[in-house]
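By written order: A, B, C and D. Residues from 1 in each chain.
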Amino acid sequence: MEHIALWVAAFLTLGIYSFLYKDNPWYKLCEAIFVGISAGYWFVTLFWDNIYGKFWLGVFPDTTTNATGEIVYVSTPDYWLIVGAVLGFLMLLRLVPKIGWISRWPLAFIVGATAGFYLINYFSSNVMAQVQDTIMPLFGVGYNASVYDIIGNVVIAVGTFTGLIYFFFSKEHKGAFGGAARVGIFFLMITFGAAFGYTVMSRMSLLIGRMDFIFGDWLGLIG
Amino acid sequence: MSTRTKELIVLSIVTVFCIIVYWFKATGRMHGFQFSTGMSIVVSALIFLSLVVVLILTLKGRLIGRRLVFLYVAIGVSLPFFMSITQEIKISPEVQTLYDGLAELPTGSKVLVAFDYDPPSAPELQPMAESLLRYCFNNDLKVVVMGLWPQGPQQANMAIEAAMRDESIASKNLQYGVDWVNLGFQSGNEFVIQRMGSEFKSMFPTDYAGRPYDELELVQNVHNFSNIDYVFNLSAGFPGTIEWVQVAVDRYGVKLGAGNTAVQAPQCYPYLRSGQLIGILGGMNGAAEFELLTGFTGKGTKFMLSQSFAHMIVLSFILIGNVAFIIDRRKKKSPIR
Amino acid sequence: MRREIPLFITGVVGIVFVLQYFIPHFPFNKMNAWFSDWFSIVQACAIWLGVLNLLKISFQNIGRRKDDWGYAIVIVVSFLAISIVGFAEGEAFRDSGTSFTWLYDYIYTPLSSSMFAILAFFVASASYRAFRARNFEATLLLLAAFFVMLGRVPIGDVLTSFMPDQLQLSSLATWIMNFPQTAGQRAIMIGIALGIVSTSLRIILGVERSHLGGGD
Amino acid sequence: MVIRSNEQHLRWSVLVIHLVLFSLVLFSSVSGAESDSITAIPALAPPTNVSAIDKPNDGGGSISIRWGLSQDDYDGGLVSGYKVLRATDSNGIMSSFTEIGDATAGQAEYVDGNVSDDSSYYYQVVAFAQIESNGAAHDLIAKSAITGQVQSSAQWFDWQRINVFVGVLILCALIIFYIRQAQSGKELFIRKIAGLEAIDEAVGRATEMGKKIFYIPGTQDMDNVQTIAGVTILGRVAELSAQYETWLEVPVARSLVLVTAKEIVKEAYSKVGRPDAFNEDQVHYLTDDQFGYAAGIDGMVVREKPATIFFMGAFYAESLILAETGNSIGAIQIAGTGMPSQLPFFVAACDYTLIGEELFAASAYLSREPKLLGSLKGQDMGKALILIALIVGILLETFGIWTFSDLFGVID
């Protein structure tokens, strides 16, 4: 069985990489398997984790026998979960063309809740917290800053400031304002460059992992 | 001969080759091979020379095709597996502070390790997980494992198994439920962390294998984050380190160290600066540095040579592309797209 | 009415979810937990819609003998295989030793890991073809990438081993990450947060309503 | 550890200490001369000023207990930690004290999160230490006084978050103000956003070439605001492609996005008077899986060779796979996302990229609807306030006048 498993895994791995040469039946086969398997994987996982694990076990928890021999729930039943089930059911009404429009209600609920929830979340943790962290003494009394720190602090303050100026939509980027926006773009580019560097690092590691599978686990060539 | 036939011939040759090699391996006739140091240097020099050829070609105005670039990457990543070249790894400050935070924990401290990744990200994060667990077990720290990603707990079990194979750890005869616990996966992303803030048991009524929480000696008295001495998050995306910082650190004041895929790491640097994270391991490089500090040589160190080669190849391509671009622009005196 | 009711729901629910942040009293303190639970349940129900859509399109392709209809059969078969196995295994489907785990470990994992790792090739090709120092901005991007990539592998410090410690490539990479990179990240984060506040507000106020579709 | 009632615990410890002392005395009297080497066991100072109050700004169910450190709790001092004991009040009678939690040395606060709003409680804090004397370990404890009766309750407003409240109020007021102003007919200037200017051209080119347009609304679900922004832009693109009579295809990765995107495209087609041209299968689901989805799209792109591809929404690692494949077939690509780690690749592989906040501005920009444009202006004013705060704050703090950043503290 282990041999079959290794060969199946290797066949699929190489099939995906054959796409690098060109689109071909081998890749198409792997792609079709991938789409089917992954859709099924999430289908099964969401069912067991969310519908069974979250909803069903939440409303009807398992029981266990405690130290004194009583039969007790492992957790308290949470009947609020039924609201979620109702929303989910309304969503499924889309399958009935005549009353499919009802599915807009749960959708409206989700969009509304997402909007409200993230409005406040992003405002507090991204705007407030980041502004708080950016406002700091660049140097000064009672703050024992080295030259390294001072330069760093100035860079952070200037970078954040000008970066934000770049995102102004209602003012033309001209003159001093345009100059600041341009400095802002410079900082954004350095950020992208750093992100790029780290991404290369990450992707190469993944490929190393795959190649280790091919040459090590599968072919056993690595000494 | 049509292209199709050629392709089929190549494919058959490769298949036959693989079958033969596999047969040798399966029957135990071959145990892999390794270049000598001299040979390794020669191979590296050859790769470098061929890159010079690419540069010359590009200068002459012939951009090499995508496929050739792909081939370079494959070779650049694979050949170093067989080379015997050692490189010196330097510890960066963010890795050092992370290690220091771990080292100052007294024996018996409880470390919560959140495994928030799945197999595709394992090449970067598994080495970190293994050296972390080895360190904890060797230094008698108690480990509580959980996952916000469905596959996290399996990755944890794999890492624990790997650590247990160490003689020094195997001889300690560590017990499940006493020295370590795997609480399993819970869906709900950052909300899981938030609810753990009031009661762990509400999120994990049973452990990975279905044992009730209260029957696990290690966590019987662990109610929330105040009973945990150190949290380590291994993260490949959402939910991950950012969520742990925003909820566990900001709201419940835990001490948090993180191991991230390199892609995630830059977004976590602002938190490092503000002290919300005590340290960070970024990608395979971070894993290798951590292995060096904890004193276990694993896959992170082993693959750093491949990583170095891969970076050099990508950088060479950027350079070649740009040299050609600049020369081309000088010739035409007009910018091209 | 079919249009007004959803707009009303969105508005009311949106405002309630903004307020829950400020009101620690029941039921507001439970709301984010509820939302997360409810959303996961709705998501799990909704995947039926997606899955049926996938099957419908696949069967259409098979029925009409469209190009590559054979692959549509593969999609359907592999979907059914893992689903049937997964449902048959019961709630312990993820334990080691189950058939579902076998499919996961030897089919799903190699496919997704390989697809993930294919990025390494694309990254290299994009570097060769697209990352050009066309102007000052692009040059900055390249330089930052260059120093970070070199500074993060041991070979970088070998190249600058003659320099003092603070000027070595690894220290430079650390500096870039900690200062200019952090500043840029922050500007983007604050900008996005403002964008999200304004978009969310438009949705709550019903000014932006295209996501709810028409009023048939 | 077995938790027994405190009284018992105490009795045992006292008994043990007595036994040890007794045996020591015996031992010393036997060996006589060695009595000098026995050190007296010191007494431990108890925690002082113990107080328990209902934890403010919460939903009830927790009580916060504070105390002054024991005199023996200093760096290198005797105290190894504190235990918190609790008793309930039943009809005016105090029950016995039980241990409910502990704190390490140096800590002077404990939050009891396991109380009911309907009962009242008493607390007591005990400092404990273990010393080794003459080769035997001794447990020392020192009890504090008992607190008064305390009850937890829920509050209706979290005053620690007042700053966030004011901030959100100001920002929303600004946005609403400018939406009103725009509605009343005031012209608003919006700078050019290159990626959005190009949409017309991109759709036009697909029409000329007689090829498809692909629209990828990201890989996240409807609980992500970026996805919502993505599908909103889809509406404008769908209108254009309906006008130009070009086939628009929207493969999606999430079922809820499938439902929404269908509604939007359908609506767009009927809005420009071509409801008959809408085909249900234009919007279709592939798989929830990130890379399964990417593999599927890659195949479709290579086989169907669309002239134009849009990427608008939240993307992770799949961004580069998609954009590189699109690039390799020479499609015009316009991308927009708020994911900083994916932006460099979109910048490299696509013709135009909307960076971060620009994605959220896109729907307003494209529709040119005054109400939406007004919200952009309001958003900008919010940004201006932040910039002012940055300058003022940094100056005040650098010259040590006032820690301005405290105003922005988000405490939990």
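Assume contacts are C-beta pairs under 8 Å (C-beta built on N, C-alpha and C of every residue); 3 or more make two chains touch, one makes a residue touch a chain.
Treat the numbers as computed from the prediction; the structure is a model and nothing was measured.
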Sort out for me whether C-D or B-D is joined by the greater number of C-beta contact pairs.
C-D
Work out per-chain C-alpha centres and flag the one nearest the whole-protein C-alpha centre.
A
Any idea how many Å lie between the Cα centroids of chain B and chain D?
25
Chain A and chain B, separation of their C-alpha mean positions in angstrom
18
Centroid from C-alpha atoms only, then distance chain A to chain D, rounded to Å. What do you get?
13
Which residues belonging to chain C are in contact with no fewer than two other chains?
18, 21, 30, 32, 37, 39-40, 42-43, 46-51, 54, 68, 94, 105, 109, 111-113, 115-121, 123, 125, 127, 131, 141-142, 145-146, 149, 152-153, 177-178, 181-182, 185-186, 188-192, 194, 196-197, 199-201, 203, 211-213
Would you mind listing the residues of chain D that make contact with two or more other chains?
161, 164, 168, 171, 223, 225, 228, 256, 259-260, 263, 286-289, 291-292, 295, 303, 317, 320, 340-341, 344-345, 347, 355-357, 361, 376, 379, 383, 386, 410
In chain A, which residues are in touch with two or more of the other chains?
10, 16, 19-20, 28, 30-31, 34-35, 37-39, 41-42, 45-46, 49-50, 53-54, 91, 94, 104, 107, 110-111, 113-115, 118-120, 122-125, 127, 130-131, 133-134, 157, 160, 164, 167, 188, 191-196, 198-201, 203-204, 206-207, 209-210
Draw the chains as dots and join the ones that touch; what shape do you get: line, ring, star, complete or other?
complete
Touching chain D in the complex: which residues of chain A?
16, 19, 23, 27-28, 30-31, 34-35, 37-39, 41-42, 46, 91, 94, 103-104, 107, 110-111, 113-115, 118-120, 122-125, 127-129, 131-142, 157, 160-161, 164-165, 167-173, 188, 191-193, 195-196, 198-199
Would you pull the chain B residues touching chain C in the complex into a rising list?
63-64, 66, 69-70, 72-74, 77, 87-90, 92-94, 118-122, 150, 154, 157, 187-189, 191, 194-195, 262, 266-267, 269-270, 272-273, 282-283, 285, 304, 307-308, 310-315, 317-318, 320-322, 325-326, 335
Name, in rising order, each residue of chain C that touches chain B in their complex.
32-33, 36-37, 40, 94, 96, 105, 109, 112-113, 116-117, 120-121, 123-125, 127-129, 131-134, 142, 145-146, 149-150, 152-155, 157-158, 170, 174, 177-178, 181-182, 185-186, 189
Listed in rising order, the residues of chain D that touch chain A in the complex are 161, 163-164, 167-168, 171, 188-191, 193, 222-225, 228, 256, 259-260, 263, 286-289, 291-293, 295-296, 298-299, 302-303, 320, 340-341, 343-345, 347, 355-358, 361, 365, 376-377, 379-380, 383, 386-387, 389-391, 393-394, 397-400, 404-410
In the complex, chain B residues that touch chain A
18, 21-22, 24-26, 30-34, 66-67, 70, 73-74, 77-78, 81-82, 120-124, 150, 185, 187-188, 201-202, 205-206, 212, 246, 250, 261-263, 265-266, 270, 273-274, 282-285, 299, 303, 306-307, 310-311, 314
